[in-house]
Amino acid sequence: MATAQVVSEKNYLNESKGLWSWLTTLDHKRIGLLYMVAVLTFFLLGGLFAMLLRVELFAPGKTIMDASQYNQVMTLHGTIMVFMVIIPGIPAFLGNFILPLHIGAKDVAFPRINLLSWYCLITGASIAFFSLFKNGVDTGWTFYTPYSIQTSNGTTFVVLGAFVMGFSSILTGLNFIVTIHTLRAPGMSFWRLPLFVWALYSTAVIQVLATPILAITLLLIAAERLLGIGIFDPKLGGDPVLFEHFFWFYSHPAVYIMILPAMGVVSELITAFSHKTIFGYKAIAMSSIGIAAVSFFVWGHHLFVAGQSEVAGIVFSFITMLVGVPTAIKTFNWIATLYKGSIQFQSPMLFALGFLFLFTIGGVTGIILATIGVDVHFHDTYFVVAHFHYVMVGGTLMAIMGGIYYWFPKIFGRMYNEFWARVTFVLIFVGFNVTFYPQFVLGSMGMPRRYYDYLPEYTSLNRISSVGAWTIGTGFLIALFVIIHGLLKGKKAEMNPWGAKTLEWTTSSPPPHENFINEPIVTAGPYEYR
Amino acid sequence: MAHGDQNQAHHGHHITPIATYAKILGLLVILTILTVAVARPVSGFDAGILNAGIAFLIASVKAAMVLAIFMGLKYDKKIHLAIFISAVFFLIVMFTFSVLDIYTRIHVESTL
Amino acid sequence: MSTANSHSHNSNLAHHFKSLDQQFDAAKLGVWLFLATEILMFGGLFVGYIIFHGLYPEMFAEGAKHLDWRLGATNTLVLLLSSFTMASGVQYAQTNQKKKCVTALVITFLCGCAFLLIKYFEYSHKIHDGLLPGKFFSNHEAEHANLAMYFSFYFCMTGLHASHVIAGMCLIAWVAVRASKGQFNSEFYTPVEGVGLFWHLVDLIWIYLFPLLYLVG
Amino acid sequence: MSLATVIASINTLFISVVSHAAGGSFMPPQGTKVAEKVDSLYRFLAGASVISCILVFASMCIFAYQYRRRPGVKSAYISHNTLAEFLWSFIPFCIFMVAFAWGWYVYHDLRTMPKNAFEVHVHGQKWNWTFEYKSGRKSAGELYVPVNTPVRMIMDSADVIHSFYIPAFRTKQDVVPGRYSNIWFDIEKPGNYQVFCAEYCGQGHSAMLAKIHALPKDKFDEWLQNDPYKGLTPVQVGEAVFKARCTACHNATAEKKVGPGLQGVFGHQVDLEGGDKVTADENYIRESILYPAAKIVKGFPNAMTPFLGQLGEQELSGVIEYIKSLQ
């Protein structure tokens, strides 16, 4: 689709050396890798906490920790995974690296702000972790008032940490929107953008328009704790349900910050490994925008039983159903892309197919939960836990893994070990279903979420779930070794090992400092497999 | 060479005369005086529940003038206007749905 | 893009842009997006304010009585004037009038000082009367049980606004220094333009804060 | 390709489990008429989900196998098909609308409070439920209600948000402090039903349980008239109260839980936060129950809710006597 590039000896990795050159880099590719290191570290930490939770839940009663420790570990797991892993995961790591390459730009529009947003993430995370020295935090990642006003001092730090991390997210989104608008290569019209870019664009819109509300909400929680302002405190005339409105006005769109980029990655993977043009390009691109827009109207389904009015509940249930439509379009279009393709099953494709499988289950259970009459039973039970793990882990993390393997040769200029990568897929995929499918059943039986202890009749399913969790854990550990091994010992990668058509594959692996030696000139769409 | 949407002419940036700015400032001052004049605590003028509405309306007219002339949205690219409108729009969405809940709640009384 | 390379010697042009125009467009788009986030962040407080105003109108009426509308109105005029000088400053930068540009920016900065000074008098008066947010509230003449909440809103909204005034003044000082060094001209005045937009937003928010807090009772 | 067969076999396994779930057989036995309505809606949703999942998974597996890469076979170039895309957005849309309308109908039943219902007040506080009847009768952790009578619960919370959840009735409602919330049910058969707190409320969240005992009308009236502590010694009264109200946080042994274990406390020195010491006499225990923040035992958080106004004098002195008996 574009003119072939001259291969250069120098690339962004060996262009300058030393830790300092990395910590002060303005190159979007290096910043992407900084994000990778940060996100993977946080992921290991959050994963470790998940393992501890599953050990505790292996048997009813006390297993390894007491209730207050359990609540702290649960809160840490949620906060780390949401604010430090899944939200920055795809956009700030893979997006940062790939977006300018995808549109034929030399860098993002504001390289300094790009670096600043990484430091915001690190600073925010440090502030949040400082809470561990202040009696920890046990509110859950949702900080519901008035509990979060009354509980331990650490809460203030986590809230302020999340506030700072919010700026990381805002600045990344802002940068991406401007980059996509102003830095496209000649000929790269909007309808020639790869679908990953469309997904990042929709995500960025949400990041810019929703995160400020989180910022002010978290500030108000901090003010509530420090000054007792009373806006969310019923004792002082405030309304805790209003806090839930404020919180979910951000946090529901945030769910799409987590999943939209994953959908973008999967669009890339499926078309590349089917060696076939994507089916219904415009429908997929527009459904990303549609999901982003509608996502702002549906937050009330988190409040179906929270004391929100019945009228509001019904309105929110209706609008929530509408989000299902663009999601269905995407799923069916991906399936249709497979039709009459020429499909290969390297590990990125396995993760993409795994995504389709798990995300579909996450999606249909989402519709079940959107149905207000049934949600009254399922709300705040393990059914919900299973549902959002199917979407967040089964969706987003599968896409991250697929994306890492897919772009590995481009990022590091080396190949990973295909056999062991497939092993990680099997372990993660099987382990995932063993962990979370039983949780649908537990939820149906009525086991509420965030329970330290449970009734004896839930024991066997919890055991199965714990064993599954350890299987996933093993899978991710092996994946880590596959990555490190590929990084150090992998064989040299070609410019375009998968035969894919998007722009990043027309430059050398790894790319030079300014991405392309000659500016690419785009003359056709992104997936012209003829 | 066509590329994206950055094909504005090089010296195409709009320049607003200072006199226009001065006129707008004058109008803004007049409107500020008007806001004060129709406020109940100051003049005793009472339009019932409309009081807040009138104050809000005048503020919005002032805001529109600042946006259009001082911030240059009138002559600017439409995308900047679109960004501003979408921010206000989603704010209204948040307000509307929160209010929808709060004002349709059924009040429950204790019967003890 | 015939003009692109002719600018490559320009120290104001970052390596990844092709022309100053492209860079200007990117910067301005970025500033507007940032302003959108500011609008939403303040907007959250406004939404809370309006909802609780609807729930407790008497409390808000009582609270507004404690504020002096004259000081509020003066501050409104000060900020409007500063917006005018700021807009003029940008125009002078656009038209290569360095001296006038610096003067306009300095006046804008001084208006910011005046605003903060008046705010300081207002705050110290409130503190003296014990009209403070939340648990620090200690006014004994309060009729409404939750009057502290009104002052929570008052201090949160004006406090957040004042912090933006301070940030804006720092930015204005920065561009004024750069302007006095002659770093801006009709080709390159992006920083003045961006800071100007931010300052106008600060004015815009005050345009709403003034009637909502001081006048609507 | 072995992968397709692996996926297909996982598929079959999965579908068998899903269809089992689709029958609603994992849900607790239905206790009310509304629960049956919820279950038939759930059966519809689960059925539709299973069918659409099978559709997606089967076509995915078949295509993946059928169109695996073979030398010399090129992929087709199909950019889009408007009719197909319309159909697979419109058909799901119709199903979603059916789900929405049906959900609305069921929700209407769940949330329309019956007139002339038998009313019980529920007080939630960290971490137990207490129930108060208009007759003045109170009970803790055990709710007695008549069968075949609409019962409305009027709920409030003393501290944070709790949620009153009865899986067998397929209903729950958050109990928000600062206002009253309500919920209703009409139990069909006498029996015992589990109540959970479903909104995270801190350390004792998972111990904030209660049981609903549905009694035939005459038995219930008899219970309502009875003095719950008739013929019991103070220690026995205290034990009953302790089991209902205190065990979420305190053990009757020396082992600590959220709060200290209470065996052997009475008559002994207690170390307080801040270095003071106090002897645990009747007054100290009374104060600790009514105003727990007054003296905090060393090494424990200030987590207990005050029980002032929560316990009758008979119950309070019973608890003190019971703690005295734990030696």
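Labels for the chains are A, B, C and D, by order of writing; each one numbers its residues from 1.
In the analysis below, contacts are C-beta pairs under 8 Å (C-beta built on N, C-alpha and C of every residue); 3 or more make two chains touch, one makes a residue touch a chain.
All of these numbers come straight from a predicted model, not from anything done at the bench.
For the interfaces A-B and B-D, the C-beta contact count is higher for A-B. Averaged C-alpha coordinates give centres for subunit A and subunit C that are 35 Å from one another.
Look at where the CA atoms of subunit B average out and do the same for subunit D: the two points lie 46 Å apart. Separation between the centroids of subunit A and subunit D, computed from CA atoms only, is 30 Å. Shared contact sites, meaning residues of subunit D that touch two or more other chains, fall at 179, 181.
Counting partner chains per residue, subunit B shows two or more touched chains at residues 1, 3, 6, 79, 86-87, 90, 94, 98, 102. Contact with two or more other chains is made by residues 181-183, 209-210, 213, 238-239, 241-242, 246, 307, 310 of subunit A.
With chains as nodes and touching pairs as edges, the resulting graph is of another kind, matching none of line, ring, star or complete. Taken in their complex, subunit B has these residues touching subunit D: 108-112. The residues of subunit A lying in touch with subunit D in their complex are 66-68, 71, 138-140, 144, 146-147, 150-152, 234-235, 238-241, 274-277, 279-283, 305-307, 310, 313-314, 317-318, 321-322, 324-326, 328-329, 331-333, 335-336, 338-345, 350, 353, 356-357, 360-361, 364-365, 367-368, 370-377, 379-381, 430, 433, 437, 440-441, 444-446, 448-455, 529-530. Subunit A contributes residues 181-189, 209-210, 213, 239, 241-242, 245-246, 249, 296-297, 299-300, 303, 307-312, 315-316 to its touches with subunit B in the complex. Residues of subunit B touching subunit C in their complex: 1, 3, 6, 8, 10-11, 13, 15-18, 21-22, 24-25, 28-29, 32, 35-36, 39-42, 51-52, 55-56, 58-59, 62-63, 66-67, 69-71, 77, 79-80, 83-84, 86-88, 90-91, 94-95, 98-99, 102-103.
Residues 1-6, 79, 86-87, 90, 93-94, 97-98, 100-102, 104-106 of subunit B are the ones touching subunit A in the complex.
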